[in-house]
Amino acid sequence: MNKLLAEDIYYLMVLGRAFEYAAKEHYLQGEISGFLHLDIGQEAFSVAAVKAFAKGDIFSTYREHVIAIARGIEPGAVMAELFGKSTGISKGKGGSMHLTDLSRFFYGGDAIVGGQIPTAVGCAYARKYQGREDGVMVVFGDGATNGGAFFESLNIASAQKLPLLFLCENNQYAIGTKITRVAPFLHQAKKAEPYMPVYEVDGMDATAVYAVVKEAQSRIQQGHGPIFVEAMTCRYEGHSISDANSYRSAQEMKLCKEKDPIERMKKELLESWMAEPQLLASLEKRAQETVDQAVAFATQSPEPKPEELYTDIFCKECANVVS
Amino acid sequence: MLYREALNRAIDEVMASDESVVVLGEDVGLYGGSYRVTEGLVAKYGEERLIDTPIAELSIVGNAMGMAIGGLRPVAEIMTANFSLLAFDQIINHLAKFRYMSAGKTAIPVVVRFPQGVSRQLAAQHSESYEQMLSAVPGLMVLAVNDVNYAYHALKKAILMDDPVIFIEHELLYNKEGEVDFDADLDPFKARIAKTGEKITIVSYLKMVDDVMEALPEIEEKLNCSCEVIDLCSLNPIDHDTLAESLKKTGRLVVVEEDHKTGGYGTQIVSWAAEELFYALDAPPLRIAGEDVPIPYNRTLELASIPTPDKIAERVIRWGKNNGL
Amino acid sequence: MLYREALNRAIDEVMASDESVVVLGEDVGLYGGSYRVTEGLVAKYGEERLIDTPIAELSIVGNAMGMAIGGLRPVAEIMTANFSLLAFDQIINHLAKFRYMSAGKTAIPVVVRFPQGVSRQLAAQHSESYEQMLSAVPGLMVLAVNDVNYAYHALKKAILMDDPVIFIEHELLYNKEGEVDFDADLDPFKARIAKTGEKITIVSYLKMVDDVMEALPEIEEKLNCSCEVIDLCSLNPIDHDTLAESLKKTGRLVVVEEDHKTGGYGTQIVSWAAEELFYALDAPPLRIAGEDVPIPYNRTLELASIPTPDKIAERVIRWGKNNGL
Amino acid sequence: MNKLLAEDIYYLMVLGRAFEYAAKEHYLQGEISGFLHLDIGQEAFSVAAVKAFAKGDIFSTYREHVIAIARGIEPGAVMAELFGKSTGISKGKGGSMHLTDLSRFFYGGDAIVGGQIPTAVGCAYARKYQGREDGVMVVFGDGATNGGAFFESLNIASAQKLPLLFLCENNQYAIGTKITRVAPFLHQAKKAEPYMPVYEVDGMDATAVYAVVKEAQSRIQQGHGPIFVEAMTCRYEGHSISDANSYRSAQEMKLCKEKDPIERMKKELLESWMAEPQLLASLEKRAQETVDQAVAFATQSPEPKPEELYTDIFCKECANVVS
């Protein structure tokens, strides 16, 4: 970590939160539809992990707007996707849960809980085979750690010594179900212990997340096999925009928000990195402007053409073979 | 009463009268179900009988089967049809076959419920329909009910039956209004004649029945004829008698479904009619179904991918005119 | 050359010429494959390219997709069709949809191979057929080849294609003898006319084509007419042109499949013909398919559950006589 | 353990082995077909575990002839099932992999590796709900411990504190694949460690298996949740009768057979329990006679009637509703 990077992470966190609030607003105005899973409260985790895993492939869950933006996808292209526009990163076909950008080695979200994990394992196999050991990072929630896909992946990645970073975002809830009601313990890293080294980190602390993911990636690059990192986080909103969040008490929400990751990073920048308050203010302003531009871009962008319905199912070569 | 309230009521009544009935699934308990079908039940019956499961669909169905073997009468909820694929091994290799492989030694009183279909921009991994696959599995019965009254009675009977039933719902039906006649005695395996008519038999099920009914006035007006609309209710077994009777009268068959055209469930109906009632048909059957694409997120494309009342009317009218109506 | 040797040869050649081709599955490496399709390949290409996986079908397919995204060209083997159900989420929610959901950003050059069908007393959990389910999924192509020569060419092309292909085999075809013309240029998506004829079009695929051919002399003799036998080869997309041409000539359609009668794959063919070629049909189509039961272990019952050459002949002859032949 | 029980276990082990050799013989003569997974070499495990788990429900894999017999199913009814006869325990419809007997709380094998585990979990839930805490035992091989069904079950059984005994028969091979090639370690109990107490036992030692399973069941009955027991075993034959077993060296097979469980039990009976050699000889004779009778019964039994094809799919009540 250095000051410039800390500023960048701060900027992206602020940008991420502003983006999510804008998405919420435009959902409520009817310009966005379907599911909308906001990452508010979890920005330290999403931004710092992606920044730390600078090289290498990333697979994620559906709660991935901020991850996509941190990876470098234009906020406009993400917002346009949420609006279902042809300029969206997936041309309006994928929607919020499917933001894919191959040029940035980002393979998007997956709307099947845990479904992206076996894919990430396979990609890690390819990278090992190709001798490209930057490796792969796969992001998933605590809820995914109860499913077969996750467990099979721990075992295979370990048996094959794959360059894979399992990154668990443990916000303690899968929709309305608290993790401790359906798993025997709170920290899911325990599940990975038989297979690989595990790290625990405070997911509300960007600096800590950055350091742990950086370290984990460097271990992966040495070829000893996979690593598991669990970050405890807290989402401020309901599971998706249609979830009233009534299963968490006011007290629980208050405690949760006291650990605000953006406030924390700001304090750190001011106190440890001696950042100028004006600089931070200008970053915050730039973030808001960027989001406003993203919304304007999304608003002005055209709908996909009707013929888009039948494109992108098969690739060109095959189309030739088939027709 | 809303469709989801009718389902809730059905489960509630059966739970009240039979302690062996339990419900399991993701967020079915404290949360009340993601489509609120099980709302309020945990307060009445406790967490032991409304079992919140982890996100592990294979286990949800596998556990349900084990509960049934152990003497319970589980109602398993899968949050959305697409996730049921994770449980296909347990549904098809186990639920459907266990009784046969053990030569009839055990009953498997399991209901597996899930909503399916295109709702509103939930995209490719949350919008599919699997009745085609599941109705082709010997050992399973498949119900897919459009009507609120039928939904109440069918679910109640399904839970009390001793064999595995796949009970398919549609996300857009949950808030449908309808009256429930609690004293009725309905056979969930008989098709419902949603409207009688003389010249065309339109067969449909689940949400599409409503779209057909919406398209009907225009169709009847433009073709100047009356149509019979059959709501299948049970997709396996099929009430072929009701279908045959109608087709012998009308001589014309239209099947409307939301599933993809290629290989969709409607092929069964058309294929059966072609084999068994060939000489009764006065015109080529017409299938109206979804396009052969993963469901896109964008609303315009999404609507373009499935039948709508407008499209149904337009296609039936065109077909009718080309075939002597 | 045996069918399984033709498959082996196809994989071998593609592996020799393209380092990105890898094979993964249970016992595909050191053991040589449970049906010996990958025999000898590990010695040539090493364990890195013939990857023995644990018994984890969901991962086999999911890993294959990830390998493809990472730039490899994986050929995944599932030991038996029934186990593919464990991977249906990865096949249907992921393999088939990833390209569309990402708006065409990535190719998914994955082949998933498995044998299916009734072999010899393997019982209900090892005898099923899933082409009906998988052919109804947009985003997948499904090949199911009867002929040894075609098997070689189709598998080779499937591996070299940039889209997901489900390559279905049949346990009883592996030891089938046939000649391979290595220089041929066959289109795996075109149906093969196994025999030309004038009066009946018999459509089939995979192992049943051989049973049809075995039944043919008796049929042709007793009905005193010649039949055209079409081996579909590709179950999705379907070569409708070849089918239509034949049906326009013969006016009579028989579809023979091993899958269960209710909802089996043949419904697609019959339903398509009824919709598109109604006026070309001179007789009701006939479907000959398996019974609607889980497959029993006992040999007599097992044989009673699926079409055999005798039953095919008997049914076609009876149908022909009832329909003016 | 007491002397009578030790004799009984010895008898059942000898019976089991004789049964398997007879099955092999009649397979080679064409009277049995399909898959045939022999349990030869693993009799200590199969017999002692079932004897120890005297009350409670048992779910198994497809390698279950000896387990079924130890549970009390008539050898004749098992052999007749392998012959596909109407007198088979599953009327010839299930075959070797599906031997179910509800009256003995035995739910048979499952031909889907690991498929029986979630079923056993559900049954354990039912037992807990009903207050019947003898619990459930589920038997599976090492190969099953790599699949999602197994992992999900560990997690659920532990979270729900179910009365379930996971019993892993680790013969180190899944068909031709050695467990250490596809999992990161040899002992699969390690996978259960995050969730529940685990025991390791020598699966070739009937007395040890008996003691461990007995102890495990008594713990389960106390209501603290599931237990995992792993028994290291060795199968003498190929995976199924059509497997040439060529992936194991002569040396490996020799070492494996040196630990023969029947020889060991015999020695123990003679030395520790002071059993009469004649008694053992008479047990051996009785076992062989029982198997001969089983074969005769199977041979003479009738085939199922053709109409059996369509029975037993749905139960009677439903048949009424449907028709």
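Which chain is which? They are A, B, C and D, in the order written, and residues in each are numbered from 1.
Here, contacts are C-beta pairs under 8 Å (C-beta built on N, C-alpha and C of every residue); 3 or more make two chains touch, one makes a residue touch a chain.
What you see is a predicted model; the values in this text were computed from it and never measured.
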Next item on the list: Could you figure out which pair among B-D, A-B or C-D mirrors the A-C interface, over half of its contact pairs being identical by residue number?
Entry: B-D
Check: What is the chain whose Cα centre is as far as it gets from that of subunit B?
Finding: D
Notebook entry, point to check: Is the number of contacting C-beta pairs greater for B-D or for C-D?
Noted result: B-D
Item checked: Euclidean distance of C-alpha centroids - subunit B vs subunit D, Å -> 40
Checklist line | Centroid spacing, where centroids are CA-atom means, of subunit C and subunit D in whole angstrom | finding: 36
Checklist line | Averaged-CA centre spacing for the pair subunit D and subunit A, given as whole angstrom | finding: 46
Next item on the list: Could you tell me the distance, in whole angstrom, between the mean C-alpha positions of subunit B and subunit C?
Entry: 29
Check: Got the subunit D residues that touch at least 2 other chains?
Finding: 90, 92-94, 98, 110, 112, 115, 146-149, 152, 155-156, 159, 181-183, 313
Item checked: For subunit B, residues contacting two or more additional chains -> 53-54, 56, 58, 82-83, 86, 89, 93, 100-101, 123-125, 138-139, 293-294, 296
Next item on the list: Under the touch definition given earlier, write down the residues of subunit D that touch subunit A in their complex.
Entry: 146-152, 155-156, 158-159, 181-185, 190-191, 193-195
Next item on the list: Flag every residue of subunit D that touches subunit C in the complex, lowest number first.
Entry: 33-35, 81, 84-85, 90, 92-98, 110-115, 143-144, 146-148, 174-177, 181-183, 247, 303-304, 306, 308-310, 313
Notebook entry, point to check: In their shared complex, at which residues does subunit C touch subunit B?
Noted result: 58, 82-83, 85-86, 88-89, 92-93, 96-97, 100-101, 123-125, 128, 132-133, 135-139, 236, 259-260, 262-268, 270-276, 278-279, 281, 283-287, 292-294, 296
Item checked: Residue ranges of subunit C touching subunit D (in the complex, touch as defined) -> 26-27, 30-31, 34, 52-58, 82-83, 86, 120-126, 291, 293-294, 296-301, 304-305
Check: Which residues of subunit C touch subunit A in their complex?
Finding: 22, 48, 51, 53-54, 56, 58-59, 61-72, 74, 89-90, 93-94, 99-107, 138-139, 141, 157, 161-163, 187-189, 237
